[in-house]
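Note sheet for the following structure.
Chain naming follows the written order as A, B and C, and within any one chain the residues start at number 1.
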Amino acid sequence: MGAYLVRRLALMMLTLFGISVLIFVLLRIVPGNITDIIFDSAGFVNERQKKKIERELGLDQPIVTQYGRWIAGLAKGDLGYAYVSEKPAIDEILPRIPVTAKLAVLALFFSVIIGVPLGVVSAVRQDTTLDYVLRVISLSGLSLPSFWLGLLILMAFVHFLGWIPLYQSSPGNLGKELALLCIPAAAVGFRSSALVMRLTRSSMLEVLRQDYIRTARAKGASDTSVHYDHALRNAVLPVVTIIGIEAAFLIGGLIVTETVFNIPGVARFLVEAIRWRDYPIVQNLVMFIAIVVVVVNFLVDMTYAMLDPRIRYEG
Amino acid sequence: MSDFALEVEDLQTYFYTRAGLVKAVDGLSFKLKRGETLAIVGESGCGKSVTALSLMRLVADPPGRIVGGSIRLSGTDLVPLDEPAMRAIRGNRIAMIFQEPMTSLNPVMTIGRQISEALILHQDMTRAAALARTIQMLGLVGIPEPEQRAKEYPHQLSGGMRQRAMIAMAVACNPEVLIADEPTSALDVTIQAQILEVIAKLRRELGTAVILITHDLGVVAETAEHVIVMYAGRKVEEGDVRSVFADPQHPYTRGLIHSIPRLALMRSGGAAQPERLQEIPGMVPALSNLPPGCAFAPRCARASDICRREIPRLEEKRPGLVAACWHAGETAAVAHG
Amino acid sequence: MADHDHAAALERAGANVSGWWSSVAFLARKYPLGAIGAVIMVIFLLTALLAGITGLDPFSTDARSSLARPGGEHLLGADFMGRDVLARIVFGARISLTVAVGATFLGCFFGVAIGLTSGFFGGWFDLLVQRLIDIMQSLPLLVMALVMAASLGPSLTNTIIAIAIPLVPSVARVIRSNTLSLREMPYVEAARAVGMSEVRIAVTHVLPNTLAPLIVLATAQLGSAILVESALSFLGLGVPEPHPSWGRMLSESAAEYVRTAPWLVIFPGVAISAVVFGTNLLGDAIRDVLDPRQRQ
C-alpha cells in the first residue's frame, strides 16, 4: 500500500510537469502575441513601442526561459501578471475559486445521490419497463447540452416564476447562497448524474454476471441479499473511479453553466481570459484545472485502494 | 425416509437459442443412494454441467428451462417448487461447488463471512455461533489456522485452500447431496488428490451423497462407486465403476477409457494389457443439430443402419450395468488400421 | 409444469432467422432503442446532405421579420436579423455533420494509428505515448478544445482540428489496451511462425479485431464532438460567421431573448439534443449487439 502510494505520487508529479509543458506550447503555436492584438485594435504598428512592451512582459526571451520563469513563479506562488488588468494573476484567480468550488461540490453531490441508486435499480430490474425508462432519461441527460439545459431552466423560471435566478454573491448567508446555487448545480449535475447512473448500471450488470454471484445463489441467498450484500459491494468500486472521471466532465459543464447563469467563478473567467488572449491567466487557470483533476483522481485511487481488499492486503 | 437421497426421473432441460432448440438434457434418469458417490462423466457439451445446474434449479431462464421430468430430494419434487421454497433448500439440503474457486468466491468478503452466511441463512444461527461453526468447518476440510483464515480474503489463499473453503461453505449446513462440478479441473495435479480426499472424508464423516461431475476418468476411478456416462444430453451407460471400467459396453465409453494413459486405470484394477492410445475420431455434435438415430453413430466404427435410424434404448447388458447401444457387447475392436 | 410453447420461445430467441432483411427486422425488434437511434441518424444525415435542394436560405436577413414568431412564412420563427430559424437549423445540420464527422474521423484515424503502434510494438514509443495519453486526458475535453480553438483562431477547419486533437488520446487508449490483449492471441503467434512481418500481422490480424469496440467508441465520440462544437460556438470560440451553427444560434439568443423569443432558444437546442440522443442510442445498441454475452 505504501509503495503504491509513492508510485502514484511520482506519476502525478510527472503528469503535471507534462501538462505544464503542453499548455505552454499549445498557447504559442500560432505566431503572434498580445502585443499584436493591442496594436491590431489600434490600427497601426509602432515597432519601437511594440518591442518595449514585449520586453516589459518578458516576451522577447527565448521560449524555454519564459517557461522556466513561469514554473519558477508557480513554485513560489507568483503567477505573473494578467495582461488585461495588470494585477497579479493570483489576485484575479483566487477570489473566483470559492463559488466554483461550491457549485462543483453541489453538482457532484447531486450526481452521486441520484445516479448511484437509480443505476442499481436499473441493473437489478434489467430489461423491465422501469429500466428502459431510466435508460432513456439518462441517455437524454447525456445528450442535452448543459448550457441549453441552463437556458431552459432560466426560461422556466422567468416564465413560471417571473424572476431570473442569476447569481448574486451574498456574503454571510451561506445557506441562501447554496440554495441559489442549487439551480445551476442541477443544470451541471443532470449530465453528471446521467453518466454516474449509466456507469453504475453497467458495473452492476458486470458484477451480476460473475461466478461468485452464482455461488451466492447456490447458497440459497435471497435476491435482496445477492444484490446488495454481494453485488453492490463489488460494483461500487468502479463507481468510485467513475467519480474521478466525472471531475473532468464536470469542469466542462461548469464553464458553460457559469456563463449562462452569470456566476463570477473561475470557469467563466477562463473563457474571458481566452477571449482577451490573456495568456498568463489562461496558462495558470488551465494548469489549475489540470492540478485539480489530477489530485482528485489521485484521491479517488487512494480511496479505491482502501476499499478493495485485493489492493489493501497485497499478499 | 427413503433409501435414496435423490431420484431423478426423465429430466429434460432445453435451451431456446438463436441457433435453434438445444436439448441440453434429454430424458435423464438416475437414483442416488444415501452416502453414495456417483460420477457423471462425458466430454464438454454433453450436458453434465447443465444437469448439475438443473438439480439446483439454477438454470438461467431465459434461455434455458426445465421442461419435463422430476427431481426428488428425499421424496420432495424440486421441479414445481416456487423460488422461496427452492432457496430454502439450496445450500441447505442440496449444495454445489464449482470449478473455479478464485472467481466463485466473492473477492470483497472474508472467507469466514461467506461461509457463515449459509449458516445464518438456513440454520438461524447468530453471527458468533456461525463463526464458531465456520472455524470448525474450516478445520474439518483441512485448512490450517482456521481462525486466522476466516478473517482473510479469497485472494490471500492458495488455489487448493480456496477450493477447500468452497467445500466447507457447501457442507456447512450438512446437506443430503453435494454436487461437485469439476472441482479439481482448475487445480494442480498434486492438489487434486488432496481435494478429492477432503470430499471423501466429508462423505465418510457426514454421510453426504456426492455427485461428482468430471471429464477426468482418473478422478472417477479414484473416488466414485457408481458412474453415469453422458453423451449429447443422454445417458449412454451406467453402472458400477469397476465393472464399467473393466468391460465397457458402449463404444463411447470404450473410446474414453482407451484414450487415457493406462497408469491410473491399472491402479484401480483395469485390464492389464497396455494398449496404444486411441482417440475417438470426429467431434461432439452440436446439440441443436442432432442426428436422428444414435447421437454417437457418426463417430462409431460399429454403427449400422439401425443405429442411424433409431435411438438405442437403455438395456441391462450385465447385472448392474445398463447401456444404450444396438451393438453393445460385441467384441469387435474399434477399427484402427 | 405448463405446456411449453417451443415455437414461441424459439421465435423470441430469433432462431431460423436468415436473410439480410429479416435479420435487420429481428435486430430492430430486439433493440428498439437502437432502431430509433438509427432512424434519427438517417434523418440527420439526409437533412445535412439534401439541405441545398430545399430552397431554404439561412443567410438572407430581413429587418421586417426580426424576431418573428413561429408560423406562416417562418415555420420556426426568425432571429434578430430576420433570418429564418428553420433554414438555419437545416443548414446547421451540415455544419454539425461536417465538424462531427471530420473531428471524429481525424481523432479515430490518428488514435488507431497511435494506439495500434504503441500497443503492438511497445518499447520506448509505448511509454512515451502512455504518458502523453495520461497528460492529455487530465484536461477535460472542452478545456482542451477551448485552448486549441483559442490558439488556432476561429474557423471551420480550426474547430474541427481543435476537437479532433483531444479525441485522439481517448481512442488511442482504448485501441492500445485492446491491442495489448490481442497481441497475445494464438493466431498472432501462428502468423509469426509462418513468417509474416510484424507490420502485416498488426494490420491484417490485430486491427480488424479492434474494430468492434472502435465502432462503439466512434459513435460516442460523434455525440461528444457535436456537443463540444456547440459549446465552443456558444462561447463564441467555435464556428464563426457566416456558417450557421446550432451552438452559436443559442449564444446569439442567450439570456436576452429568453423572455421575448423563446423559440430561438428551444429549436436549436432540440436539434442538438435530438442528434446526440440518436448517436447515443445507436452507440448503445451497437455495443449490446457486439457484446459477447451469449451463453449457449
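Keep in mind that, in the parts below, contacts are C-beta pairs under 8 Å (C-beta built on N, C-alpha and C of every residue); 3 or more make two chains touch, one makes a residue touch a chain.
Computed from a predicted structure; not experimentally measured.
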Legend entry - Innermost chain, where centres are averages of C-alpha coordinates: C
Legend entry - Chain whose mean Cα position lies farthest from chain C: B
Inset, instruction - Go ahead and note the Å separation of the Cα centroids belonging to chain B and chain C. - result: 50
Legend entry - Separation of mean Cα positions, chain C and chain A [Å, integer]: 22
Inset, instruction - Would you mind writing out the residues of chain C in touch with chain A in their complex? - result: 33, 131-132, 134-143, 146-148, 150-153, 223, 227-228, 230-231, 234-237, 247, 250, 254-255, 258-259, 262, 265-266, 269, 272-274, 276-277, 280-281, 284, 293
Inset, instruction - Quick one: which bits of chain A touch chain B in the complex? Just the residue numbers, please. - result: 210-212, 214-222, 225, 230, 233-234, 237, 308-310, 313, 315
Inset, instruction - Using the touch rule from the top, collect the residues of chain A that touch chain C in their complex. - result: 11, 14-15, 18-19, 22-23, 26-30, 132, 135-136, 139-140, 142-145, 147-148, 151-152, 154-155, 158-159, 164, 209, 248-252, 255-256, 259-260, 262, 270-271, 274-275, 277, 282, 286, 289-290, 293-294, 297
Legend entry - Partner chain A, residues of chain B touching it in the complex: 56, 58, 87-92, 95-96, 98, 100, 103-109, 117-118, 121-122, 152-153, 155-156, 166, 169
